[in-house]
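Here chain A shows up in two complexes: once beside chain B, once beside chain C.
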Partner chain A sequence: MAAPVSTVGKPSAERLPLNTTSFQKKTRTKLISIPGTRPSVQNGQLLVSTGVTSLDYLLGGGLAVGTVLLVEEDRYDSYSRMILKYFLAEGVVCRHELFVASAQDNPDDILQELPAPILDDVAIHKPVEQPRLSCEPQDSLDAMKIAWRYQNLPKVQSALASSSRFGHYYDVSKTMEPEIRQAAKCHRFYLTEHPTQSPPTHSTMLESYSALLKSLQEVINSEGFDVAAPMSKSRNILRIGLPSLGSALWGDDLSCHDNPRNGHALATFFYGLRAMLRSSLAVAVVTVPSHLIQDRALMGNITRLCDNAIALESFKGSERETNPLYKDYHGLLHVRQVPHLNCLASKLPDHKDLAFKLKRKQFTIELCQPVSTIGCQKSKVKLLTVA
Partner chain B sequence: MFTELNSILNTTPDSFTQGEFILLSDRQSDASFLIHHFLSLYLRARCKVCFLGLVQSFNHYSAIGQRLGVSLTQAKEKGQLVFLEGLKESLSVLIPQDTETGTRAMDFLRDPAVGLKSLYEFVRSGATSSGVGGREADGGEEWGPPVLLVDDLSVLLSLGVSAGAALDFSHYCRATVCSQLQGNVVMLARSDGRREEEEDGDDEGSERLLRGLTHQCSLTLQVQGLPTGFCRDIHGQKCAGGGDKAMNSTNRRNSFSTKSTTKEPPSLLPGHRALFSSFTFPAFPFGLLSLLHVTTDHHVSISPDNTSWVLSCQK
Partner chain C sequence: MLTELLQGSDAGGFIIIRDSASCSGRHLLKSFINAALNREEDVHVLGFEVSEEELKGSPVQRLHFHNAYSDPLGWTDKPTFTVHQFCMEELARLLKQTSHPKPATLVIDSLSWILRHVSPPAVCATLHQLRKGGAVRAIVALLHGDMHQRGTVGSVCHLASSVITVAPGMKGGDAVAKITKRSKSGKVVQDEDIFTINNDLTVVIQSKHSQVGHKQADPEEQEMDPTAHLTFNLRLSNKEREAKEKLALPFVFSKEKKTALLHSSPGSGRILYEPDANDDYDQEDPDDDLDV
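And then the complex of A and B:
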């Protein structure tokens, strides 16, 4: 890809090849491959899957490492919570580390409700069994006959099998089995367990947000997610899930009052989160109850501070539920912002009328198709008979 | 650096007007490509550039600068570029460490009511350290007039700084950089622009900032989304206004749509009827509205008198 305007004659060797990820995550010397990630075809950034393949497509192939996805909750927080669970479940399947912070539900409860992956090739981490020796005939009698060549190989599937696939499918009617879940390392932050300290004098943030940022910083530094950390050990991605940030339980009156006292606390938190993520191998999905926030300008500020932003609007309980136009769907999805990092502009989604549908095995996002043909044909037939 | 934009603004790296305050604004759109344009333009013009990158990391600008043909890392090493990485500096303020490292420029995060004095001090030291009065001992290079680039000013409002404090800051910067040092200032201010709704108290901050900056500046480049919504190839329109130059007024009364792709810079073509441009110089208060109709099959007709400009759908 050549730079379009180049009046100064620069040797082409100076231009970086397209697929070198210069998005500050990696050293320029070599590309490390982390399981569960892939480079973007647009600009070479490292992407992870959100767990929902159609959402990955909307965001330009996946969620870029070092960015934040803001999900504006639907009224009952059902579908936004579902997206968060998909995100965390994808992290478990890809062997990433998780960080869940919540003010309302215990993070352990959230982690227990993750949907079960539909396993074809997901590696289930079983303890390594001793290779079978051919001099133990009593075991081989009951077991399936396996070719003698492979009898002595260990039973555990290699981890590469799961990392070769980007994006998995989940069955929401079942929860993830504990063995799979416990294989992933999870960090928790439960607000009620953190003692309230004296109000911080060092910023406009609330102490709950400060404590959360501090805890995140500690995890990132101690577990080696910092980009500047030495490259000795293998790198992994930290997936951060923050459900219902900005709700009253965090001590923020943004969603309670028209003129909140700490109007900028949440925005400052997002600024700090953005700063932290830009320098670490982490990705965050944050859900915010935006329908409670009266100040649209503040929501606009927060949206601009996040890189990706979508809003969900569910049809449950509204008159749209019976609208034949929407009968195949569960709600509308609005894309508020798509990032353009390391490039001049983003590839905007083609359509603006997107609707989503939560099926048992898939969360699909599609262009909202009007139900058209049946009605037309009926009226056509009627005309003919009358004439 | 986009050559078409240069030709419309009559600027080149070798000759550009000094002492200018350029305001970039957008409304429900993204004008950051203009910041990259000006950054590469002034770096090529061998100016001393002070860049306040408050919303993105250094590597982001560096990667795009590479595509536009300038190397930010080299410029920083040579001393041509003074870069404030706002995100990185802010962490040391938001999460207090034991050791105080870094500049004090982001100290307004501690207490936004104090204002942006420390940020201004950073700008002043960055802009005036360009070898005032002589070269360095080992024969360091001398650079041209200083340029201040801010990306972007409205994020300060989200962090709690008042619009008045931000306007004071821009005024001080203009006084120092434009008047005293005969340099240029380019600032980006973003807004949601939902004027139709009755959000009188809420958006007052960003609207007030925008109005104040428009009054202070000498040239405004405004990017806005198309009134008809998204179009596959043309994304928005850009209105250029600046009334105090002694040049052909028809050239100035232009409105361009911008199409931004990931690879190519927006390019500008003569096009459809343009009825509007926004003039920012207070002496010429024009106010017409421009409508750029883009048909869905993306053909753009060229008006016969060729006085108006449109964006191209470059594939």
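And then the complex of A and C:
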């Protein structure tokens, strides 16, 4: 949805962060605020969290409602699947509705593997903006022997995070409780349950993609996610997760052949998907096995047709695994496309070499820091980063 | 990890043996068939590339060889098994022919032959249905990696639970197997084994992952210890270390002075300024210095 939201309602987190004020903007129009969303500070778009706070920061505060996030998969589809699970888990916690469509795994299996949310209110990685209070115990002064004048200065944070709390944190080692998961409404589309009809010869899209778009259209219209629907009932956001779109199991030979016969089927699908999302209160996260797609021009087309695009490159199995520069990280993250919604230019990310690390309680995206190899192992050169 | 895969402990697996022109994977495939037969399982072999006598010398009871070698494309009137019969309905019918209660192991020799004549998305769909349907316990397929485009090989290997890439080893009879195994939880484990196959088709693992190649030599050369042959002493004895720590450095303050400096009162260094009339000089106004 591209229209700016002019009310600034109460923040959706259970506990008010310390730096919000009680001032509320007076407005004449009464727009219903949807739980789990907030307006962007840059351009007033309605944003939802992707479930990964570092990714939210990278995308400019969150994912705008009505846009598509394309995640180019890593070689074994481990981390892109993890991002999709975070996205769906965030939808369950914010009480949005979910739509999962898959050709390989049963959507029920994907929904059963969602990570468990960490529900206590204490933020795990609270960025240190406030300086240390003066009631610190005395023996902490011995922490720095020579540079003790810097004791009270806030720590430089290298992980990208924004100051106010928007998303939630998840524990990857546990799966979400069935009670929490069943509280959220999920729509499923499993390709093997939809028998393929005779292929229409005149369309550029495969019938698997057409069936998926039709199913999405039905859900959006019947459940009232359409923007044109009457505003009387309470609105909600539909979160669409499409793992491994474009793989051979969808019937597409884009990832098999260098010169695919129906190479524009996937691009046509994305065109139709984005058009549908622009007029509805829905967000989509799509993962595409781009490492199998040899035609880079087609991949470029697909990237342009999505609003946000990131690519994951995991170190598993490549020669970068043994590189000491990357020993703390699990892979590199490349930002391929940033959205320009209702504006001419968009805010490009300042830093180009980002790396990600999947820890048990957090998926962090950081600047790739050089590690000094001579001398003690713990010393790192921390670049001054943006807060 | 090669021995674990040979033992076939986990059901529902799809193993691809990926070979190339420099090193054939058919011996390893025969070892897999042998291991499955030793486990008292039924084995169905779709043989496209070699005849039955060449694959298995004497007929074994539990081994069902479907002869696709003599007429794979159905040119004669009565083909036994053609490449176009590689779809779910035909294969299910084929597998039901045996009356064994346990689901069988399906061995495909080779998948490359099928990929040449049937489109890769159809092949992937059939393989996916085979795995999900439960008609077979495990699928072992031979794939010639250099016969297809990278996307095709990648797509098919993406469906597999384990991919074994064989390459020629250092010595004559050896071969190197690089194994990538994906578990259901998404964890990926990689391993490398050097193995030989005996005449009775048992696999002998020589040594694990001995990289005597040039990869290791370069970092070893650069990591010469610079403190090795010095004429002066860089280390401290215990007494010297204690004396060093006792030494008071010139700008190290005591704790009280540190806290006093850290939590200094806000009014200690203020600048008091009262704006003067002369400070209203406006740089942009050209008339400002007129004395009128």
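Here, the second predicted complex is superposed on the first by the 295 of 387 C-alpha atoms of A that agree within 3 Å, B and C clash if a C-alpha of one lies under 4 Å from a C-alpha of the other, contacts with A are read in each partner's own complex, and residues count from 1 in each chain.
Assume a residue touches a chain if its C-beta (ideal position, glycine included) is under 8 Å from a C-beta of that chain, and two chains touch if they have at least 3 such contacts.
Just so it is clear, the structure is predicted and the values come from calculations on it, not from any experiment.
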Contacts for A:257 in the overlay, against chain B (first) and chain C (second): which applies, first, second, both or neither? second
First (chain B), second (chain C), both or neither touched by A:43: first
So in the superposed three-chain picture, is A:214 touching just chain B, just chain C, both, or none of them (first/second/both/neither)? first
Which of the two partners, first being chain B and second being chain C, lies in contact with A:81: first, second, both, or neither? second
Now for A:271: first (chain B), second (chain C), both, or neither, which partner does it touch? first
Between chain B and chain C, whom does A:298 touch in the aligned arrangement: first, second, both, or neither? first
Across chain A, the partner (chain B or chain C) reaching more residues is B
Using the superposition described at the top, list the residues of chain A that contact chain B and also contact chain C. none
Can you tell me which positions in chain B touch chain A when the two form their complex? 1-3, 30, 32-33, 36, 44, 55-60, 62-64, 66-69, 71, 87-88, 90-91, 93-96, 109-112, 155, 157-160, 190, 192, 194, 197, 199, 201-203, 205-206, 229-230, 232, 235, 260-265
Flag every residue of chain C that touches chain A in the complex, lowest number first. 119-121, 124-125, 128-129, 132, 149-152, 154-156, 158-159, 180, 182, 186-188, 190, 249, 252, 255, 258-259, 261-263
Inside the complex, what are the residues of chain A that reach chain B? 1, 3-8, 10, 14-16, 22-24, 42-43, 201-205, 210, 213-214, 217, 259, 263-264, 267-268, 271-272, 274-276, 278-279, 295-298, 300-302, 304-305, 340-348, 350, 352
Interface with chain C, chain A side, in the complex: residues 76-78, 81-82, 104, 134, 138, 141, 145-146, 148-149, 151-152, 192, 247-253, 255-258, 289, 291-294, 316-317
